[in-house]
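The structure under discussion is supplied below as structure tokens; questions concerning it will follow.
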Amino acid sequence: MELKIAAYAVYDLPAELTAILQIEVARLPSQEILSETLRFTPDLETEAFEDLFGNRNRRFEAPPGRLEIAYDARVRLGEPPRPAVDTPEVPLSSIPPDVVMLTLPSRYCESDRLYRVAWDLFGEVPPGAGRVQLICDWIRSHVAYEYGQTTSSTSAFDMVTERIGVCRDFSHLAIAFCRALNTPARYAAGYCLELDPPDFHAYFQAYLAPPRGVNDVPGWWYSFDATHERLRRGLVNTSIGRDAVDTSMLTLFGTAQLVEQTVTVAEIAPDAT
Amino acid sequence: MELKIAAYAVYDLPAELTAILQIEVARLPSQEILSETLRFTPDLETEAFEDLFGNRNRRFEAPPGRLEIAYDARVRLGEPPRPAVDTPEVPLSSIPPDVVMLTLPSRYCESDRLYRVAWDLFGEVPPGAGRVQLICDWIRSHVAYEYGQTTSSTSAFDMVTERIGVCRDFSHLAIAFCRALNTPARYAAGYCLELDPPDFHAYFQAYLAPPRGVNDVPGWWYSFDATHERLRRGLVNTSIGRDAVDTSMLTLFGTAQLVEQTVTVAEIAPDAT
Amino acid sequence: MELKIAAYAVYDLPAELTAILQIEVARLPSQEILSETLRFTPDLETEAFEDLFGNRNRRFEAPPGRLEIAYDARVRLGEPPRPAVDTPEVPLSSIPPDVVMLTLPSRYCESDRLYRVAWDLFGEVPPGAGRVQLICDWIRSHVAYEYGQTTSSTSAFDMVTERIGVCRDFSHLAIAFCRALNTPARYAAGYCLELDPPDFHAYFQAYLAPPRGVNDVPGWWYSFDATHERLRRGLVNTSIGRDAVDTSMLTLFGTAQLVEQTVTVAEIAPDAT
Amino acid sequence: MELKIAAYAVYDLPAELTAILQIEVARLPSQEILSETLRFTPDLETEAFEDLFGNRNRRFEAPPGRLEIAYDARVRLGEPPRPAVDTPEVPLSSIPPDVVMLTLPSRYCESDRLYRVAWDLFGEVPPGAGRVQLICDWIRSHVAYEYGQTTSSTSAFDMVTERIGVCRDFSHLAIAFCRALNTPARYAAGYCLELDPPDFHAYFQAYLAPPRGVNDVPGWWYSFDATHERLRRGLVNTSIGRDAVDTSMLTLFGTAQLVEQTVTVAEIAPDAT
């Protein structure tokens, strides 16, 4: 599948500030970036760097006033491996050092406080991909999807009780359940075609046994969607991390007013390529 | 049943303070107080008053230093009416003014935030005594009883997720579930024989249709125990209220150190009376 | 001062429900109700009752569909007593039983958790009206007034840190500080002329020594405004209580969609009366 | 200074589990490890690895029953650079990628919610080492040190209001204030001689301009102590991270009962070496 992605945002900055952008398509084997452009108006010097999770960050200093950011990309998506329902977990004694951190609680995923509710709900289920999917199913059937009911402070702990929110909140809850059950899980953000309309989307990944035929790594990060009944078509990752803290599209070290934001994701017809 | 109750507490007061005591047996039709004594050492003047819930309060000013409070009572317990499993709720259009308040959230029972989880768990169950009992059963089988895991700040909102606590926490959770379902519920505190050892105990009451044959009131406050599989034998009420805030054994307007506290509750053998 | 008040609200009810309205002007010596009308469309039978705080409640059952509530009143406002800056507190040993409850924590005013911050900020200040006013001044200069930053769950505990909100949140914080310092305080809601535009308003009352010349009561509830530099002109009380829980304009036992709401408060020119 | 460190802990394991230990002295230029031994009883195979923060982790699987862990080390401590009071911050445009993460909120340091309180308290102070020290001083004079008042759930958000806790809580609050002000800050754990008695200790580090004469790095992690009036003597780092989540002495993937724990830290007299 080939996708055309356009993200456009306008901010109003009361004062000069430093900011870090994370909207570029991640460089992954399953995501071939055919072309991409990133333009700032006014024109700005930016510094690209990779953070500890390997995400593409772009840091810049912006003057006061109107700031436009326009990102366009064409991406050829492969089919990332999907887990079988019986794909097992990786023994905790074998998960790599950088995965250990993703078994621990984080800002929005207080897995330490969800320990008992997670084991009560899912403790009898055999660990592995089937259990992760069951967590997604449980969330989808017990949590209402509604904009405007949660805030940027809402965490998995709140979600267990309040049971209403958006994809970000659904993902935090799923991750916290996984970690409470000792399944490594991380937050993922990206563009998504199969939404109405296409938009940014938050989902998550669980670390399980590698796909059949892959023998050189102890495990694999498979994507799951806690908001929908299955993974959406045309999901293009931009960043991953402990939770939404690590994947913010724009981290501002100062204040700015979001004036306008649009995202378009479109499939390119085969004959149009 | 006749019970002999003794409560004894010693405090160390760094400075003079005002305090309000609520440890005297409530004057109820089902609780005949055969005798009672309340002694303060040093001897103190106290003022007895009834609060808005009708609880027996005793206010005093205590000098700095050691303060001993000793309460002894002999009580003949009747059998308060028990609801049948099909005892219905009182229509909200008929509950008396002083009961309305007990459908609303309070300090430790944030029923406003438990709305969705309560309806998800119990919304399909026909309202009435059976549903209140089901709430108790659910709590007992999903929450672990353990001292020292909760604090004086722990509320029903915390309990939905953390699922560990003591009778106070169990009661707050049950009350919050009831109110989220529009069932009036209030917190109750008292002495309890059938604990090992006998001790203070927290339980709760729900407002439902009156017992058979009682026609002059729209409803009745029935006792429930969210901690045990049924109401304990030898339960002697001292106070009721919105939640633990209103039934504190000793409300201190200042600081004091609890040095020692004992409670004994014993059944008086028929031939011993 | 004579005021003309009009409150109008339209709800859409998906199903029949019971509700309790608290929008009628309180009957107080300082508020003479010259005329008032309350109309429901469709026409409904309502039951008026006073709750434990003496508030005017009106309970009704409404059918599914559109519900209009229109309240109009003409009120002559007196000048309720204002405390002098040195008006002292009432000794805790003298406050009446119904005031004791208003020294304790409640749903949105967790004074038990604000104990240390309150004493740290205000513990050196002599108790009395001056200290209550200082609390108001502190809040006004340390908390930003902004709509849309808080939710119906935001409490005084949140406000200590988050420092942004509306009059409801400002009042909860002031009340929690007062109670943490052992000053009885209660929430107050009403109509207010001196807002731009006139609107509902939340403020609070503290219980202090009675005005000069009043000798038959131990204390007096004086109004304070934590949102503005002084009490607003044309403030007409509708209800008081522990916090916003007790003074909700419309308590719904079920769900309804607020479709439209307007409030007008106007001063009637002397020659127009 | 040379120190002799001994840490000893006994756990009771109801079932086999995987665990990760972080009690070994960090390998730092200012910490020369003269000797060290780590013994498990029963004898266990362990796997040493470095996590993303460079901490020394040791993973093992332990059988059910009693587990003893004994760590002994002799360390020669250098004098890590101390910041001058006017050591400035590193511009946000110059901090390295791995430091960016330490400007963001984490499980126990919700700097996103402390934004307004931090700027209100410290916003007027020139950024740099002086401001970080001022944050420490403010915390020390506004927060009470007391065991048993906080739990493993207590976070910086709680501490702003509750103002009581231990070194872990003090450090979380300091870190959250720093990050809210855009100063990179991280949690640090280690052994400490100058406590009574010597014990584990939690402190924190802020990222500021490098010491005089160091020109090859953009910044430097300086240690600060939010619990004491200055950095303690004989502070031996074991691990650093976002907050206490990343530096747990023993992360258990399962449950275990801590039966006994002792820590000794002693200075070796010059003639004794």
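Just so it is clear, A, B, C and D label the chains in written order, and each chain counts residues from 1 on its own.
The criterion applied here is as follows: a residue touches a chain if its C-beta (ideal position, glycine included) is under 8 Å from a C-beta of that chain, and two chains touch if they have at least 3 such contacts.
In this text the structure is predicted, and so the values were computed from the model without any measurement.
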Compare the two sides of the subunit A and subunit D interface and say whether they are made mostly of the same residue numbers, over half shared, or of different ones. same
For subunit D, which other chain has the most distant CA centre? C
Taking each chain's centre as its mean C-alpha position, how far apart are subunit B and subunit D in Å? 44
Return the distance between the CA-based centres of subunit B and subunit C, expressed in whole Å. 30
Give the residues of subunit A touching no fewer than two other chains, as numbers and ranges. 113
In the complex, subunit C touches subunit D at residues 113-114, 116-117, 120, 142, 144, 157, 160-164
Given the complex, residues on subunit A that touch subunit D span 18, 20, 47, 49-52, 57, 59, 61, 91-93, 97-98, 100-101, 103-107, 110, 112-113, 152-153, 182, 245-246, 251, 253-254
